[in-house]
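Per-chain numbering from 1; labels A, B, C, D, E, F, G and H assigned in written order.
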Amino acid sequence: MTTSYKRLDKDNAAVLLVDHQAGLLSLVRDIDPDRFKNNVLALADLAKYFKLPTILTTSFETGPNGPLVPELKALFPDAPYIARPGQINAWDNEDFVKAIKATGKKQLIIAGVVTEVCVAFPALSALAEGFEVFVVTDASGTFNELTRQSAWDRMSSSGAQLMTWFGLACELHRDWRNDVEGLATLFSNHIPDYRNLMTSYNTLTNNK
Amino acid sequence: MTTSYKRLDKDNAAVLLVDHQAGLLSLVRDIDPDRFKNNVLALADLAKYFKLPTILTTSFETGPNGPLVPELKALFPDAPYIARPGQINAWDNEDFVKAIKATGKKQLIIAGVVTEVCVAFPALSALAEGFEVFVVTDASGTFNELTRQSAWDRMSSSGAQLMTWFGLACELHRDWRNDVEGLATLFSNHIPDYRNLMTSYNTLTNNK
Amino acid sequence: MTTSYKRLDKDNAAVLLVDHQAGLLSLVRDIDPDRFKNNVLALADLAKYFKLPTILTTSFETGPNGPLVPELKALFPDAPYIARPGQINAWDNEDFVKAIKATGKKQLIIAGVVTEVCVAFPALSALAEGFEVFVVTDASGTFNELTRQSAWDRMSSSGAQLMTWFGLACELHRDWRNDVEGLATLFSNHIPDYRNLMTSYNTLTNNK
Amino acid sequence: MTTSYKRLDKDNAAVLLVDHQAGLLSLVRDIDPDRFKNNVLALADLAKYFKLPTILTTSFETGPNGPLVPELKALFPDAPYIARPGQINAWDNEDFVKAIKATGKKQLIIAGVVTEVCVAFPALSALAEGFEVFVVTDASGTFNELTRQSAWDRMSSSGAQLMTWFGLACELHRDWRNDVEGLATLFSNHIPDYRNLMTSYNTLTNNK
Amino acid sequence: MTTSYKRLDKDNAAVLLVDHQAGLLSLVRDIDPDRFKNNVLALADLAKYFKLPTILTTSFETGPNGPLVPELKALFPDAPYIARPGQINAWDNEDFVKAIKATGKKQLIIAGVVTEVCVAFPALSALAEGFEVFVVTDASGTFNELTRQSAWDRMSSSGAQLMTWFGLACELHRDWRNDVEGLATLFSNHIPDYRNLMTSYNTLTNNK
Amino acid sequence: MTTSYKRLDKDNAAVLLVDHQAGLLSLVRDIDPDRFKNNVLALADLAKYFKLPTILTTSFETGPNGPLVPELKALFPDAPYIARPGQINAWDNEDFVKAIKATGKKQLIIAGVVTEVCVAFPALSALAEGFEVFVVTDASGTFNELTRQSAWDRMSSSGAQLMTWFGLACELHRDWRNDVEGLATLFSNHIPDYRNLMTSYNTLTNNK
Amino acid sequence: MTTSYKRLDKDNAAVLLVDHQAGLLSLVRDIDPDRFKNNVLALADLAKYFKLPTILTTSFETGPNGPLVPELKALFPDAPYIARPGQINAWDNEDFVKAIKATGKKQLIIAGVVTEVCVAFPALSALAEGFEVFVVTDASGTFNELTRQSAWDRMSSSGAQLMTWFGLACELHRDWRNDVEGLATLFSNHIPDYRNLMTSYNTLTNNK
Amino acid sequence: MTTSYKRLDKDNAAVLLVDHQAGLLSLVRDIDPDRFKNNVLALADLAKYFKLPTILTTSFETGPNGPLVPELKALFPDAPYIARPGQINAWDNEDFVKAIKATGKKQLIIAGVVTEVCVAFPALSALAEGFEVFVVTDASGTFNELTRQSAWDRMSSSGAQLMTWFGLACELHRDWRNDVEGLATLFSNHIPDYRNLMTSYNTLTNNK
């Protein structure tokens, strides 16, 4: 008996960045802030690198939730940007779903703050409409580990694929022969241990 | 292939608070007491806010298990209150089940102490009778993390939705335009980080 | 759509204690030794209390694995005791399976050391033969948390119910009116927090 | 209703060691390095002990990822060794899959670095082709626990069996009467607590 | 050889609350927010209860650091309130030191955010001027545990007494016969476990 | 330059058990309850074993703090027992200090609940009067680790010796030749790992 | 009795960066790599910001220890750079000590990899020669927490001041009126939570 | 004001290995067994490498404590070996102290099991007689972290230097120019991360 492998395909995937807002980020306490910032920017960089259609959305950005993190805004100046007037589940916002469907992609990569709401709600809605959903667990944050585990359980039970940004990049890339330098640079910028490997390697091979 | 999204609907949900008794609370060691107290009261406040039918029950409250936490009693003076004469699984108590069925709701939000007994037993019974069950994991406590994980696994495998009070509130509310002030106040009262965001925001915008 | 509730029934359950041997216990590092000792003895006491047929088995007890913990031997002097000559999975031992089948019970409560071997192997074998299996996670120990989590995942995926001794006792007892004193004593002996509740309660009510 | 027990059979199992390279190992931070090194070598030793066909593969070993750990190379001088020219998922490499199919085995034991990529990708591919997959969780490492948990969830949901090297050895061996000395030596070399048990035992029994 | 016991005396102690501002609180990650909020308010309540002279100060409160937490402001409407124009070490602000000296007290109880700056700097300055300094460690917060441990080591090495709010209250009160009800209420409001003890106790004794 | 070794001498030591009361024990959350109960009873057993003068004291035992743990009362039926009418620092109670001075001992072994109050206050008072003080850290409990660390720092800075019950027993005993059986039994009763060693040892040597 | 406050003075302080080399960094496991990288760069940025004389040194940089992290080299192109030919304690290298003495500063801020060697050895040597030593604990890394705690204890016992980079910056700056923009930018670049505060603040105040 | 640097000198140091016995090792639970075994053997290897006089001692090795770990015995066949007939503090054994004094060394490096007894007692005795004492914290083990912290505090307060084996080796070696290959091999054998660095380095430089 075989199981299907829900495998990411860069020609069939879109990225949804939900509510990474300056105020809401102060609620995130299940991941260290230095690491979390790095993960979110790494995800954004890989969306860019693989030229995946990317959709930004925010909740109440003129209130205490605060504005979208400026780095994300800057990276995707032309992306659909839906400032939701009130819907908590982004999927309840027609423009958001329209923007997704306009991409024609069937695989949705979702990250956001906070995990059990801004990520889980649209993830469950998308699964119910037949999309394949890939949750970027390390670019999604919430109040504490107990909350995270509950949210993961709910999403996983409904068929969401739990992934992290590095696995995502690797599954999208498939073969280093497609391009070494670009992806290696992305890894070097976001994985200090990898950067150190490259530094040592380059020093030694340049000394030849 | 789609998966169904078991989504909370405030017109179809009831809340069951099981055995939050002064004595039993001393058994709870998987969540810090300040946080746990806050979570339970937040859940009670949201039941009130959304006007969800709420049912209270206790086990042996005249013995060492102790009386129901007074705050809960005070918040729901008119709620059905079933002091069970002996049944450990509240679902084995006819009055309790009758009270639930009298609400006409098909979605049950359950929290209690201790998780693997007072929550898991009625949750499994309710699932077996076709209810949708939403366990409030952060308003349910038990002896330690190992016990919690076992209990979650058992409930999740049977189809219970694991949620926390904040996700619950968001899924019930659906859209901020239904009401901002009431829910924001509830969040401000129970999420210190959110209160701080609001304090800073209000100070700055009042200074305009 | 309903899910079945695999509920313990004291008239249909047997207990299997697998390889709680003095040497093997030194391998257990995922649970603190004071707590683990208490959990194993609590499980034994409840098997006794509910008069559940109990089967003891050991692996190579004359070698470094060491003898069965004397307290268990003493509690069940007349229980079937299978010192396996070599089979690692107790279910591969004919006498062990015969002893189980002789009880006529269809619900098997299993605990042992180490979790991923002495518990998981017979649990998976029993599930494959149509038994209902209840793993006592806190009376089963192993090398570390990573190993435990792997073992739980494997057993849970095959349908085992993960429980702890306290939940077990409560599900078997069903109603305090069946007997208060016996079970309360058992809890007082194995749950320090519960004992304290009883001490305070008894002191205050005796002062009346 | 019975569940099938996917049980390892030493006549039907092969071992895949994926990308245990000197550079990549510096990325592993979810397991302490002393323990991880021990686990990988224990897995290699048991593959040898049970004479399981073993296949080695590396990714970009002339770059910063570094060479295969020399101990593994030395233990399996005649094993198929596939230095992949670029495929990230080893299953995308034809030679790798051919080598696996040439063994004629249907049970694949997989370990590697990093878990969510080098292990999860071929595991999911193999499951999709109908193989039984056994992931050696403690001989596979990655960036942190959050990443590990995501990877485990993805593999487990697709039917992979999560195991550790000790459970693997026990399930393959089945009965100590097949051989005591060899396996006991392997355990003594890789489990300090077991070695201590044997030291004490041997000292006491030699003193007779 | 005897050591002197630097013992708090309610007639000789003043409380300094340094920079508990809505923005800065989002930097505190070494203590869970529910617990931290409770600890700060408990400290404020006890300052009030023991009628200790209390001094409030803030750093740059019109900028991103945000306003003083409103609850503190409300509790001490008549306390000296020094909004520092720029000094990071509050002790560098003349008005602050004058306010302290005006109290005539020689024992300073200090709490603030963040520990290694807003608490440690004035603590070290005060010790250098011959004051006895009592740091309220659980009402002071900072980025992470590593930072906290460094800060504690620096303060303790210079002779600061590390205390928590509960110990502080007990050392100030000295004898329950001075007043039971007031202090018990304070404890009940800030220690959920204590509140539960009182609830059970009161229920049982009222039933007499 | 030599440092003096403050070494316990069984002829010069007394034990003070401060406020191990049924209610107060529910406040202890820095040590697991199974372990804490064991540690307190181990300390009591060793006080008995070494015939050290032992003094019991309680705070407000007729209120919510609850009665002294019955096991302690039972073990020391003839010990001075000071139910303090209100003094929080036991050293402020004349009868308590008189009882201590009546022993003629200069080394005081102190344990109690909670650490930063019931242990630290009398410890600091005793140090100030020239006693040598040995705090039994693992038989003293408090709210959380942060509180414990603060309390330890305060006591250690004043010259208290931080010890655990096992080290205490070993330092008091000095030489196994004074008595093997009694102390080994005490260890076997309170250290599961040690009991297992003895079980295996006895089994093997009895088989000779 | 007063204690002296060893307070950093930007006119009397120099920074020593010891062995932050690409290979050695793979040994650091007591701090998460994202956070550690950030801390080291923050320290470098503040040395630059306060124009503190900075000295770089490496150990065996042409061997497996690897080259100095390129970012540090780039930030301090004109700083003394001592590639030590073999001395493990940098203080044993004459050029290193000469470079320090040439600065004329008496306060040494030291960070390095690994803590117990590259930081502790020169710290202890400098203390022995009468320098004031400030260890930057969060920009120094080592194998694990046990090692770190041992190293801190050794340095602290000899009089080293344990600080983190943020406290360092604050103590050096003294007063925000000296410059707001530069330091706020530095904090914004290295403290994600602070950056978020500034983003929200700027958005709200720009909207005025 | 300068502090003295108690610096290890290989010509003035001896190593004491106290009670690393097969039975007692099962009591060690504050360090993972794979890591602990490695640390103890690394310490032994460095004693050998630096030709430090080494003294072995055991407590009751014919009883349940078990024999000395065979690897240690094998490494030091000619070292003084004192099987103590009963003294718990090794320093109370005349032969042990004689053997130490016979070395003529004034710096004692001590490791053992368990930390608070077998290490702390002789450490405190040695300090009292004017020796410099260096405790090898990572080659000494005990029941849990609480016990370890108490033991460290007691030893550190009396002037013991807390070190780990790697720092020890570095302080003894002083300069890599004394010998590279021997020490690098020792590090490679006991630090997996270092071994990986060397593997990558050697591969790259051999490819030149």
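One rule holds for everything that comes next: contacts are C-beta pairs under 8 Å (C-beta built on N, C-alpha and C of every residue); 3 or more make two chains touch, one makes a residue touch a chain.
None of the values given here were measured: they were computed from a predicted structure.
Farthest chain from chain C, judged by C-alpha centroids: G.
In terms of the distance between Cα centroids, chain D is separated most widely from E.
If you compare F-H with D-H, the chain pair joined by more contacting C-beta pairs is F-H. Seen as a C-alpha superposition, chain A sits on chain D after a turn of 90°, to the nearest 5.
Chain B and chain H have Cα centroids lying 54 Å from one another.
Distance from the chain B centre to the chain G centre is 48 Å, each centre being the mean of its Cα atoms. Measuring from the averaged C-alpha position of chain A to that of chain C gives a distance of 43 Å.
Note on chain placement: the centre of chain G and the centre of chain H lie 31 Å apart, centres being C-alpha means. Touching two or more other chains at once are residues 23, 26, 29, 32-33, 66, 159, 191, 193, 196-197, 200-201 of chain B. Within the complex, the chain A residues that touch chain D are 1-5, 7, 31, 137-138, 152, 156, 159, 161-164, 166-167, 170-171, 173-178, 191, 193-194, 196-198, 200-201. By the touch criterion given at the top, residues 23, 26-27, 29, 59-60, 63-66, 85-89, 92, 114, 116-117, 120-121, 124-125, 127-130, 143, 146-147, 149-151, 153-154, 157-159 of chain A touch chain B in their complex. Within the complex, the chain D residues that touch chain H are 22-23, 25-26, 32-38, 62, 66-67, 69-70, 191-193, 196-197, 199-200, 203. Contact residues on chain A toward chain H in their complex (touch as defined above): 197, 200-201, 204-205, 208.
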